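Each of the next two complexes has chain A plus one other chain: chain B in the first, chain C in the second.
Let's look at the complex of A and B:
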């Protein structure tokens, strides 16, 4: 069953926190992974793989560059959850 | 009546009887790299763990570096050059389409006309070579095999490519595979994923270079894709190599993955739940990513610095352009 935006955002914040130590509260939809949260490309990949597992979605390598903000990732996950 | 072919008779088991290393004279710190890629020492270390790399100069060709590493390996094995009856050179940077580096190397070492050939398996080349050599000794087609992993990646690295300029280094590592009374080289788990052929690749073919206005070819890499594949794709391969050898991670003395990137090494250890006591090779910090040479260079350092015992168990895994991979458990010489 698809999860709500809020549930996905909270789950994603946990994953980001585990990888980077960032306070989950700072992981908001309008934040850019690179520019605002200072997450580099390799940490981003770790977050992507963990998100795939947590949310049961497949995020292809080519798609990762389109996930500029946390909100982009939440939308992608929500629209691709079965 | 047709004659019966006499089959080759090989050794029951094999082991690595010696290793050797050659690091070029010139050490290049990050400070010499950063201007061309608008970067900083801190940025490079954060993304790769690399502080320095070695860059080959005159007198440090692929074959010359191989010769130095090979002499050390033969000496450590307690052999004479004439004992070596096969030479396998793993490299992707020998600058001749043909002939191979191995026959020239064999001649320079004064070997007695051994079988000598190169293999192209990029950063997995050394582990491929160890597998071939072990099978050759067990199959009876050779008795002592010299396996060399060697690269002069600086010849094929763009100084302005932010994805690779700081990653690659030069060097040579060598090992001797010999008969053994007990198993010293476990089964190899290997394979390829050719659908990812372009993820790490020379950017243009030689023919395109000849016919176009493209300049000298260099090696490019899609870093994020490689990172995902290396960590989440290769940790299970490493586990399979342990399982195939009947060894648990608890029993290892060392984990010697291809020195691709410290972040990959750390993430692999996490995926494999590598026990704290296992020494993890991090030669990359000083030597950077030397492709086929990285595992024997890292092995030589661990032994030289006394960080792992001779006779200890090591899990080694190579993975790289192709994409290809190979892993096996070995007893350290």
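Let's look at the complex of A and C:
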């Protein structure tokens, strides 16, 4: 069952916090992973894999570069959850 | 005033089986505390290991570092980071020119936890579960790299790998780098986190470990007739080294002088010590000579003394071969009786003890000697720790490693 946008955002914020130590409150939909949150490509890789496991989706490597903001990731996860 | 360039010690840091800091570790040493304890990990039973105890770390780095730091560093680098931050703070966290600031942290085995955990992930869960930082976490230079990054050291980040001599070798290389003018200040030492089933099983299969499973506290007993192998330990030990000029200019507290190291290699056997101790004694003599001393100036030796039947005697022979009758004026301590064997961090930790011995004029006791092996013709400190003389004194620290590496460091009072 698909989760709400809010649930996915909260789950993603938890993963980002675990990986980077960033306060989950700062992980908002309009924030860009690289430019705003200063997340490097190696951390992004870990976040993606952890999100796949948490949300039961597959995020192909080619897709990762399109996930510029946290909101992009939330939408992708939501639309791909079965 | 001397125009001779000298290298001095201005900061100390360690995380060991005896304590989360060098202060706690040294207090435990003076109290004669054994660091070995039964292991609680499920793999001990699972693999039916013949040895069920080790000198495990006293304070988990998770109590000191952030969660993210722990995730991104192998335990060996975590230990190095804890020790380096303590040493840097102890040196007064000085403002330094980053391009004159260097790191030299050695290791015997490197990021073995990461290597094997990630291999398990690959086999059991597939390629996408391999941590993207697996390689920078498992490489042997992961500690020197991470510490240089954390403290902003840009004159070089070096990693001596010479098994159980790695920590001492790193300090020796650091002294040479300062004397040659390549750096003013260096964080130098060693780290090891190899209490993992594979290296543990390897050492056990080699018959190198004590199997005194029913009494871990008395298992590490250098020089005792009933010694039966070493006790595996883990941790890190680091010092801040500076040119004397740099230290004096900033009014730093100086613990002691560290002289340039004596080093040699046996070319005899990949693990066994050369029985006559020719290589080891050459390293010791070189250390004394490079320090501008004579054997009569050495009042104390912190020996390698791992508690193996062959190794302890070989080292004792090498000491006498190096110094002849002057050996009688040197009191010898085997602190691995308390710390266990920290492998690539052992030489570094024992160098810290040697520095503190010279600074506080105390030679620690070797614990667990019930019957001194008659083959050991040394003045072994046991029972109580012993006072060292006032005035100008010097002490020696020996470290030897598989591969035939011999490193001797001379510490001079200041």
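Keep this in mind: the second predicted complex is superposed on the first by the 82 of 82 C-alpha atoms of A that agree within 3 Å, B and C clash if a C-alpha of one lies under 4 Å from a C-alpha of the other, contacts with A are read in each partner's own complex, and residues count from 1 in each chain.
Note that contacts are C-beta pairs under 8 Å (C-beta built on N, C-alpha and C of every residue); 3 or more make two chains touch, one makes a residue touch a chain.
Not measured: the values here are computed from a predicted model.
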Chain B versus chain C as contact partner of A:18, first or second or both or neither: second
Which of chain B and chain C A:64 touches, first, second, both or neither: first
First, second, both or neither for A:42, with chain B first and chain C second: both
On chain A, positions contacted by chain B and by chain C: 42, 45-46, 49
Residue numbers on chain A that touch chain C, as the complex places them: 18-21, 42-43, 45-46, 49, 52
In the complex, chain C residues that touch chain A: 66-68, 71, 128-129, 131-133
Contacting residues of chain B [partner chain A, same complex]: 46-47, 222-225, 227-228, 231-232, 261, 263, 267
Partner chain B, residues of chain A touching it in the complex: 40-42, 44-46, 48-49, 61, 64
